[in-house]
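Two complexes come next, and they have one chain in common, chain A, joined by chain B in the first and chain C in the second.
Now for the complex of A and B:
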């Protein structure tokens, strides 16, 4: 049966929209990173690598390394907690209740959740109050504004992003394999490390990316609970745009952040297309899972 | 298979996680009924709820702006995303790969980069930052989610139904409106709801593309908590959680029923 190809007609509006408001702005950022900075913000015509050279400079490099370190630590902690937690959900006889419990806290606004930690850890906060009441502290202690707090709150924010894809992979896992391994003499730990983990690799990779990418580009969390000494690259970008007004530098840092997350995404595409790993479809399922869980608890 | 009676390590971790996730919200709940402003609990009071409902004009204005942007951007994104999903799922054409890639990349790009790039872009065009720029930005980050959810629904679609419609003489428009759209309504609805939620939630991107006079609720919350504790925000958070439960729960049941019926 022959019929007209309406595909372009359907897809053109969205294609044009994203070209104009997504691809073009990104392209401009790339171009700006190679231009000279304007005196009062903006850019001046003229090729310059200054913004890229600045990336290797002392303070910026320090922040970049800190961002990488914080992201790696927070992602690792998140995954290490999420693995047993999602295993427990998958083995539970009441999966939907347990998933519900993970998702409900996320019906609260993102900023409110960050703020809740300020209310707990602040100098007039819940923890200080409790410790004073117990007689452990006599003067208020400052639990906010350090690296550890940033990691804590990041783990809090992104834990469900790791639990949901891990759960949906573990749920599909054939648990009789674990029993077989035990029958053949493997210890519980060996069975989990040698049988379960390799089989849920796809879910682990998804979980790592879903936590690492947003954490690496974090802005609000380090700003609100971290303070200047715990600034991450996202905060530097924002300051360069709004305060210092060095747009080429903001552009080059943005590109660096994009490249690093892009490499992450490529690793993901590569691992999930390898034969032993679950197929891309599974990854899309995971994504659907997260999206639906967020919107339709 | 025999199940162990002793709580396992993984169950212990799970329940610890649940406590960890809920604890901050309970602290907010507790403080929202606190008579005094600071941390110490001095007595039960509804003063912050009173202040929230009767003394926070700015907050409610911001809320109104958030809602109108959420509804506008979600609807626009749903229109564009649904059409594109129909196009890429049914046809092969030049540029299809581009549309698919463009619909995926925004989801993995860090928010801050999208915010900054849009700011620079709007500045370059000489567009004044305000409600319009926020609407454009929100539509842009909403599109991929609608596209993905509708595409997923289209994949389960039995395409012989479309062929049947065409054999019976339906033209493209009739096929779209009378056959395809009714069957993917659950996907469209969940895409739209996702988009509304994402828009209401967004802080980072909005922060960059908002101008004076376009303070959305997250921006308002940000300025309120920037400098420490603000008890009205405690009350607001409680109202928001309760409101979400009341709004989302029935619509979820409706959606489930709808999806089962379709």
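Now for the complex of A and C:
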């Protein structure tokens, strides 16, 4: 008698979890984006493409472009800081202490860390006090509520997400390869660009996605430290739900954001799952070689 | 003489409290196959890395082709390295690995193809040019590493235990191959190894190192037959070490009183005057072993009686560990030059006679004053 295969049942909880908390909500949002908007929020039955048409609107497009720009700039800066940081952690003798210091901020609530920046940069904040004490400023300057501050705080928030995957790939990198490159005539910089970077590409892609995707959907940071002109897509969505009460529009913007980040995830899946090169049978190959070579006069 | 190729003077290097090299000086001639031989931690790899430029010395000078290169980075030195782990670039093909130094110097494509082909031919890898390192066997990776290191036409090739990751049979073969590549390119090879058999078989000269110092530099024959330190005698091949006071000296023969073996005749001229303490080495293949006492010892003959503690048969020869009544241990090789039914086999617990000539004993260390004698012989538990 054949044994019954219970395999699929064992993985049922995962399927159930994903359906309940991922697939179903996503489906609801898709459906909402095609419905008519209710007068006081919510949706009313009836098919409508109004929310999707509204995506092409001028202000929305401007915010989308700004979101893309801010995300690209913040991600680039994050990676540029994370690369040398993770390299130095990977090569240091006290890796665990340094990694611990990277992770420590995670023990504090996200919002608390944003408020910490407000405490530093605010008009009564630490930076203003310090500058006035040094006599550089006479009246408090406004460091908050602009695009630059949003980028600064975003970089701060997502730096660990870039450092951790980069560290784990650089740690596996064989540093003898850099010595070999130097030995063969490469300068320090050439060795890093031509040997280190190509070999840690997987880590770089992961770090980019781990920072770009959450930054693209950022909500709290632009809301708290950015001004009105620093609004990002996340803020527009929240406004559509809580203030303007256009749920179908909120749904269609969400879908657009999901689509863009989804493309990013697909790129990741493609680049990280390239087929491995076939292995040869070492011993057999070398033996062939010896036999051939010994047959020669 | 073609003159000195690599010249090292007064080189010292410490890592924290560990003194890896202590005031090392060395002259390596042009075109030589020179080996740095010693156990791990003896400083041989550190010396190689100082020549390559991966480390800077605390003091001392390194010069290559008469030019002082101390403090210069590796890319500014006319030497290339074959690494123990090969250090092939995993993201590049065999062709691009070998072409890497040329690409750095922006050599035109046609010249690159020509040079890479010639060097892949040299190591017989022309058919594997498009493969990635992960698709190669250990021996092939090794040959790619050699081709890549030679393409810059360096003045010196540094090899850091290049064969240690290969299996025994392939290692033998690669050694012969390395020797023929050396003959073909004619540049200086500096070869780091802990394997004395490798060093003896291919080197023109060997420097034996221990504890950050060079103990002896010489040809393989020199090092093997005439070790100048107890460590050298012990490290290269098997050896029997005796030590004791020279009790008499006449007609060029010193009589050394070893407390476990007894009086031993040593022909060592002025190296072992009466009253001095000496360490004497006798190679195991110089000692004859027989079941019957040897006919006549003669003025140069040493004869010792003992019992076989452990016979080790290995086809072409047997190795015997023999214990003397005084508690000394000796190791003896017997070649099976003839093997027929009639020849009596020497077995475990057999009473045997060992004999050797006073000429085959070498004084490895001597001191005029009395120092404590070291434990003699080669014992099983070593």
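Operating definition for what follows: the second predicted complex is superposed on the first by the 265 of 297 C-alpha atoms of A that agree within 3 Å, B and C clash if a C-alpha of one lies under 4 Å from a C-alpha of the other, contacts with A are read in each partner's own complex, and residues count from 1 in each chain.
Here, a residue touches a chain if its C-beta (ideal position, glycine included) is under 8 Å from a C-beta of that chain, and two chains touch if they have at least 3 such contacts.
Since we're looking at a predicted model, the values are computed, not measured.
A.B. asks: Where does A:48 make contact in the superposed view: on chain B (first), on chain C (second), on both, or on neither?
C.D. replies: Neither partner.
A.B. asks: Looking at the overlay, does A:190 come into contact with chain B only (first), chain C only (second), both, or neither?
C.D. replies: A:190: touches chain C, not chain B.
A.B. asks: Is the number of chain A residues in contact higher for chain B or for chain C?
C.D. replies: The partner making contact with more of chain A's residues is B.
A.B. asks: Which partner does A:147 reach: the first (chain B), the second (chain C), both, or neither?
C.D. replies: Neither partner.
A.B. asks: Is A:4 touching anything from chain B or chain C once the two structures are fitted on A? First, second, both or neither.
C.D. replies: First partner only.
A.B. asks: Contacts for A:174 in the overlay, against chain B (first) and chain C (second): which applies, first, second, both or neither?
C.D. replies: Touch status of A:174: second partner only.
A.B. asks: Looking at the overlay, does A:91 come into contact with chain B only (first), chain C only (second), both, or neither?
C.D. replies: Only chain B is touched by A:91; chain C is not.
A.B. asks: Which residues would you name on chain A as touching chain B in one complex and chain C in the other?
C.D. replies: In the superposed arrangement, which is not itself an observed complex, chain A uses residues 179, 294 for both chain B and chain C.
A.B. asks: Under the touch definition given earlier, write down the residues of chain A that touch chain C in their complex.
C.D. replies: 174, 176-177, 179-188, 190, 195, 198-199, 276-283, 285-286, 289-290, 293-294
A.B. asks: In the complex, go through chain A and note every residue touching chain B.
C.D. replies: Against chain B, chain A makes touches at 1, 3-11, 13-15, 17-19, 21-26, 28-29, 32, 42, 81, 84-85, 87-89, 91-92, 98, 101-102, 104-105, 107-120, 122, 124-126, 128-129, 156, 159-160, 163, 179, 209, 213-214, 216-217, 219-220, 224, 234, 237-238, 241, 247, 250-251, 254, 257-258, 261-262, 265, 284, 287-288, 291-292, 294-297.
A.B. asks: So in the complex, the part of chain B that touches chain A is made up of which residues?
C.D. replies: The contact residues of chain B facing chain A are 1, 8-11, 13-14, 17-18, 20-25, 27-28, 30-31, 38-41, 79-81, 83-84, 86-88, 90-96, 98-99, 102-103, 105-114, 116-121, 123-124, 136-137, 139-140, 143, 145, 147-149, 152, 163, 166-167, 172, 190, 193-194, 196-198, 200-201, 203-204, 207-208, 217-218, 221-222, 225-226, 228-229, 233-234, 236-237, 240-241, 244-245, 248, 251-252, 255.
A.B. asks: Which of the residues in chain C end up touching chain A in this complex?
C.D. replies: Spelled out, the residues of chain C in touch with chain A are 52-54, 73-75, 80-81, 83, 85, 87, 89-91, 100-101, 104-105, 124, 132, 134-140, 148-149, 152, 166-167, 169-170, 173, 177.
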